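Each of the next two complexes has chain A plus one other chain: chain B in the first, chain C in the second.
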Partner chain A sequence: MKTYNTDVTIIGGGAAGLAAAIEVNKGGKEVLILERGIELGGILMQCIHNGFGIKEFNKELTGPEYAQKFINEVNQLNIPYKLDTIVIEITLDKKIYAVNKIEGLIEINSKTIILAMGCRERTRGAINVPGFRPAGIFTAGQAQRFVNIEGYLPGKNIVILGSGDIGMIMARRLTWEGCNVKAVVEIQPYVSGLLRNEIQCLEDYGIPLITNYSLTKIHGKNRVKGVTISKVDRNFDRIIGSDQFIECDTLLLSVGLIPENELTRIAGAEISSMGGPIVDNNLETTLEGVFACGNVLQVHDLVDLVTAESKRAGRNAIEYINKRYKKKLKGIEKIHLSAGHNINYVKPDNICLGEILGEIIINFRVKNPDRRIQINIKDETNKTLYKKKKSYVIPSEMIELKINLNNMELNPKCNGLIVEVIPQLEPLIE
Partner chain B sequence: MTECEDRGIIKTIRCIVCPTGCLVEVRKDIGGEISFQGYTCKRGLEYAQQEHFDPKRIITTTIRVEDGIHPLLPIRSDSPLLKEKLSYAFKIIAKTKVKAPIKMGDILIKGIADENVNIIASRDMIKKKVE
Partner chain C sequence: MSSSEIYDIIIIGGGVIGCSIARALCKYELKICLLEKEADIAMGTTKANSGVVHAGYAAERKFTKRNLCIRGNKLYSEAVKELNFPFKRMGSFVVAFKVEEIKLLEEIRKRGIEDGILDLELILEKQRIKRMEPNISDDIIGVLHAPSAGIVSPYEMTFALAQNAAMNSVKFFRSQEVIKIDHSDYIFTITTQRNEFKSLNVINCAGLYSAKISKMLGLDYFDITPRKGEYVLFDRNTIQLNKILFPTPTKISKGILVCPTFHGNAFAGPNAQNITDIEDTSTTTAGLKEVLEGAKKIVPNLPLRASIRNFAGLRAVPSTYDFIIDNTDIYGFINVAGILSPGLTSSYAIAEKVIDFLELLGVELKVKEDYNPYRPKPERFTDFSKKELDKKIKEDSSWGRIICRCETISEKEILNAIQGPIGATTIDGVKFRCRAGMGRCQSGFCRPRVMEILSREMKLPYQAITKKGDDTNILIAKTKDLLLKEIIKKEIQK
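And then the complex of A and B:
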């Protein structure tokens, strides 16, 4: 068995892994990327539409263009990577075992590991729809890969479940390729993706958007013959008598993404209820020297934010190797951050006070859309330490706060903070 | 006559500049003059004017590629193309085949449906190794 030694091993060569690798290399440390696909770039390579890079490059790029810029930089810097290589185990002492066709089983010893495996799509199993298991049911990203990379169409008459951005972008993509997209069906009363996609992907092509409806049956035994959709009430319960049949041969599911943490689990890191590993403000997991960034940690709306987060993970990995920051601190010096009113999740899960140099970044998503709200960070005694007003919040937009705990009147005995989103108390001055 | 036509509104445009999504009304007065109402910022007015007089879109699709590691190459137009010309452009792209190796930014079709708009490669496409 061949053995490699390096400072930092990065698992995953997509948007997150590439940005982290470049940052580590620029910081003077050795880095190795392990990628299971046949090329670098990850999921960006199949996201051929534009709209990437507005924050990072100040212009609109397509997914492959965004990835290519990073791939070119990795090549210029001579950063080593292994393609077609899948990690099968991470041990507690940070040994990585991986396999590929050329070398067979390999072992990698590194001082730190950065997890950058991305996320995967929720499938039919996650939404419990009755019916047989006919051909013609795809997740939206799977269909996207077939259409944009492999060169196959999933079908002719298509119904898309879920109005997230991938679902709407696939509606336009399939229309361009000559398919008939019969409807995009959304269980919520509102579109879950960006307004821009609703207009440029659906309205431009007259594709019906059916909100407040849910999929209740898939028809067909060998091939999808149609779907039944039903109107739902406020609790998402089916309203009897509201069933509608739509004839189609293909059903695309765009029903959410989940961080892909099988390896994280094998390694022994603790996973939070939202699916990503528990991390502190350094993006370090509960395993010392193992960091996580990108969609494996939390599903981002913009790749630009993945890049920024991953650079941060890269820098922290270097700091860890240089031992510039102290190891985990015990007791009251670690603050737990929890989700309060109208908050779906919040990252990081913990803040290590002893390591704070200044600003820390907090990300969260709301459960329900709201207007004229106030974001509060409170301690356990209900004392508000931070507040910020915002004109609107929507679940599909991840919110980022940069806060400086040094400026807060933090009780030294505090061991928990709560983030909440509540309606503004005083009227907005206009 | 509908209520909209009565008030001189010929179209409504939902602004996509920011998530507020203002509804901009496009009005035509008796003299034929076009005016915009309902936008709440300068960028919103610019967007509505562009969208009413000259709606344009960037094309992002794929093109067949020979000898590449994939059968398709993602491509884009280097500038926006008039909406009405999109379907013509797609037809030209569907008839075209390119050959690897290709570098990101290479011009693959010069002047598609508009002499100032070119189709360029969205990524590198290396040659497939023959075993």
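And then the complex of A and C:
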């Protein structure tokens, strides 16, 4: 068995892994990227639409263009990576086991690990869509792969369940291919993806968006023959008599993404209820020296934020090696950050005190859309330590706050902070 | 196939029943073939059921299925040694919430012991029950424990049976739907949509279609009606069940159970819905709700958010409510029909019974000298130690490429599924043989790769790869094909 030693091992060579690797290399540490695909770039390689890089490069790139910038840099810096190499296990003492066809089983010993495994799509089974189980049912990302990478069409007459970004992008992509996208069906009263995709991918092509409807039956034993959709009430229960049949040969599902954390679980890190690992403000998981960034931590809608987050993970890994490796800092006090009113999840889960803090970044998503709101951070005594106004919030947009704990009047005995989104108390002055 | 070839025995139907009969008969010097209408064997009721190897106390004494089930359960111990399929005797609980139910369970226990299920035990100490199965509801007051009950992967067992039969020279013909049977001069001529087969004896194991097959020869002494059972399957490692959990049975059904699978998933189901369409394996909103509500009564902490698939199977319910296994009025034609639950458990005992019938028919049963009862266990990436793995990859590099990430299935396992005896020709065929695509992402990631391997191995274009045979192609055209077609159409119109 071949053994490697390095400072930092990065699992996953997508946007997150690439940015983290470059940062680690620039900080003078050794790094190795392990990627199970046959090329670097991750999910970006099948996202041939534009809309990437507005924050990072100030221009609109396609997914592969965005990825290539990082791949080029990885090559220029001679950062080692292994392709077609899948990590199968991370042990408690941070040994990584991976396999590939050429080397067989490999063992990697490293001082730190950065998890950057991305996410996977929710499936029909996860949302329990009833009906037959014929050919012609795809997750939107899988269909995207078939069209953009393999060069094949999944079908001709198409219904898309769920208005996630990938679904809307595929609605447009398939329309360009001469397919007939009959409808995008969404159970919520609003679109679950970004507004710009609703306009540019659906409205501009006259693709009907049917909200407050769910799929109640898939027809066809061999190939999809159609779907029945039904209007739902506030509890998402089907309203009797509202059934509608749509003839189609293909059904795409765009019903959400789930961080891919099987390895994280094997390694023994704690996972939060939203699927990503529990991390502190250094992006360190509950396993010492194991960091997480990108979609494996939280599902991002903008790659630019993935890049920024992953650079932070890279820097923190270096920091960890320089300062803390081998002389464990014991008993760091942590305060817990939790989700309050209208908050779906918040990252990080914990904030470490007693370190030079400065600015920390908080990400969260709301549960429901709202207008004229106020974001509050409160302590356990209900004292508001931070507030910010915003004209609207929607679940599809991950919100990022930069806060400075040094500027806050933090009670020394404070154990927890709560983030909430509530209607504005005072009139909006902008 | 020359139509002059005359088989001693033709088996119609490649479900667990047809395959266990084929396997039982393959040790004799007989010329046997099996005809299956689907693109693969084990794709009927055999692939969508609870996979419980019942202890055998459930059916009423008047039914033959009771004795066949009790005997069938015992025969699993021998079979699993020879055929190496996934099977585990983990024991079952029938749970009681009310005093009347305890009384019923005690009766069931007594009768079971009289009939040879000696280890049945009524447990009333709640603490002990909870220790044995911590997930069970706090509201239960007692359970009937049947240690000999087990779980089996029904399709993997069926592939094992068929492969062993094929190793012993039984021929398997798939995509051969029997549409007509003639009988004259003691020879049966069976017509499929593609070929004609001749045989001295015919065994009808066509499951839901067994009445239809029987009627082809004018034998219409029974009918089969489908009864649907729906299931919800949960991700691996989201709940660890030690026991198969049944509610106390009613007159109509064994009820909705909560059960582990051999591979570490859990499932809830089935309900029981009488339907008319023999093809209707669709799941329904109401059915799935019924299943989950029923299951939650027994296991309140069922991981509802971790469901990965729902499916339905159809019980072939005969008008007699009992297995129909008999030598018919037509000499040489044996019906093995209406094999509803516990058909899977009974399969080995049913095969024994069929052998008795063949003896009565005067078929000469001489054991082959080179009969090999063993089917080797399929090698699995996840079964290897680290050292073995490294060695395996060096011997054959396709062990080193993981295709299905959720179940950790390597390219080699997929190649074995395709190249082995009665190999897979479809995506479902690969999935049911080696589990690629069965995990939480439900083939979202591995499907393009599996298609690529199938296309390479079968020398078929990528686009020709199907989910489960005719009319189930995954892809319809190359990109730009639809656009080109439109352009050409417009040009022609001009």
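Simple rule for what comes next: the second predicted complex is superposed on the first by the 418 of 430 C-alpha atoms of A that agree within 3 Å, B and C clash if a C-alpha of one lies under 4 Å from a C-alpha of the other, contacts with A are read in each partner's own complex, and residues count from 1 in each chain.
Assume contacts are C-beta pairs under 8 Å (C-beta built on N, C-alpha and C of every residue); 3 or more make two chains touch, one makes a residue touch a chain.
Nothing here was measured: the structure is a model prediction, and the numbers come from that model.
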Which holds for A:216: it touches chain B only (first), chain C only (second), both, or neither?
second
Chain A residues touched by each partner, larger count belonging to chain B or chain C
C
Determine, under the contact definition given at the top, whether A:392 touches first (chain B), second (chain C), both, or neither.
first
Taking the superposition on A as described, I'd like to know which of chain B and chain C A:49 touches: first, second, both or neither.
first
What is the contact status of A:67 with respect to chain B (first) and chain C (second): first, second, both, or neither?
first
Quick check for you: in the superposed arrangement, does A:142 touch first (chain B), second (chain C), both or neither?
second
Once chain A of both complexes is superposed, is A:200 in touch with chain B (first), chain C (second), both, or neither?
first
First (chain B), second (chain C), both or neither: which does A:123 touch?
second
Is A:150 in contact with chain B, with chain C, with both, or with neither (first, second, both, neither)?
both
Once chain A of both complexes is superposed, is A:77 in touch with chain B (first), chain C (second), both, or neither?
neither
Which residues would you name on chain A as touching chain B in one complex and chain C in the other?
147, 149-151
Which positions of chain C touch chain A when the two form their complex?
232-233, 279, 281-285, 287-288, 305, 307-311, 386-387, 389-391, 393-394, 397-402, 405-406, 408, 440-442, 444-445, 447-448, 462-463, 466-468, 470-483, 485-486
Interface with chain A, chain B side, in the complex: residues 14, 16, 19-21, 57-58, 60-62, 64, 69-72, 74, 76, 83, 90, 104, 122-124
In their shared complex, chain C is touched by residues of chain A numbered 1, 36, 84, 86, 88, 97, 99-105, 120-121, 123-126, 128, 130-136, 139, 141-142, 145-147, 149-156, 177-179, 216-219, 221-223, 238, 249, 262
Within the complex, which stretch of chain A touches chain B?
38-39, 41, 45, 48-50, 60, 62-65, 67-68, 71, 147-151, 173, 176, 194-196, 199-200, 203-204, 391-392, 394, 397
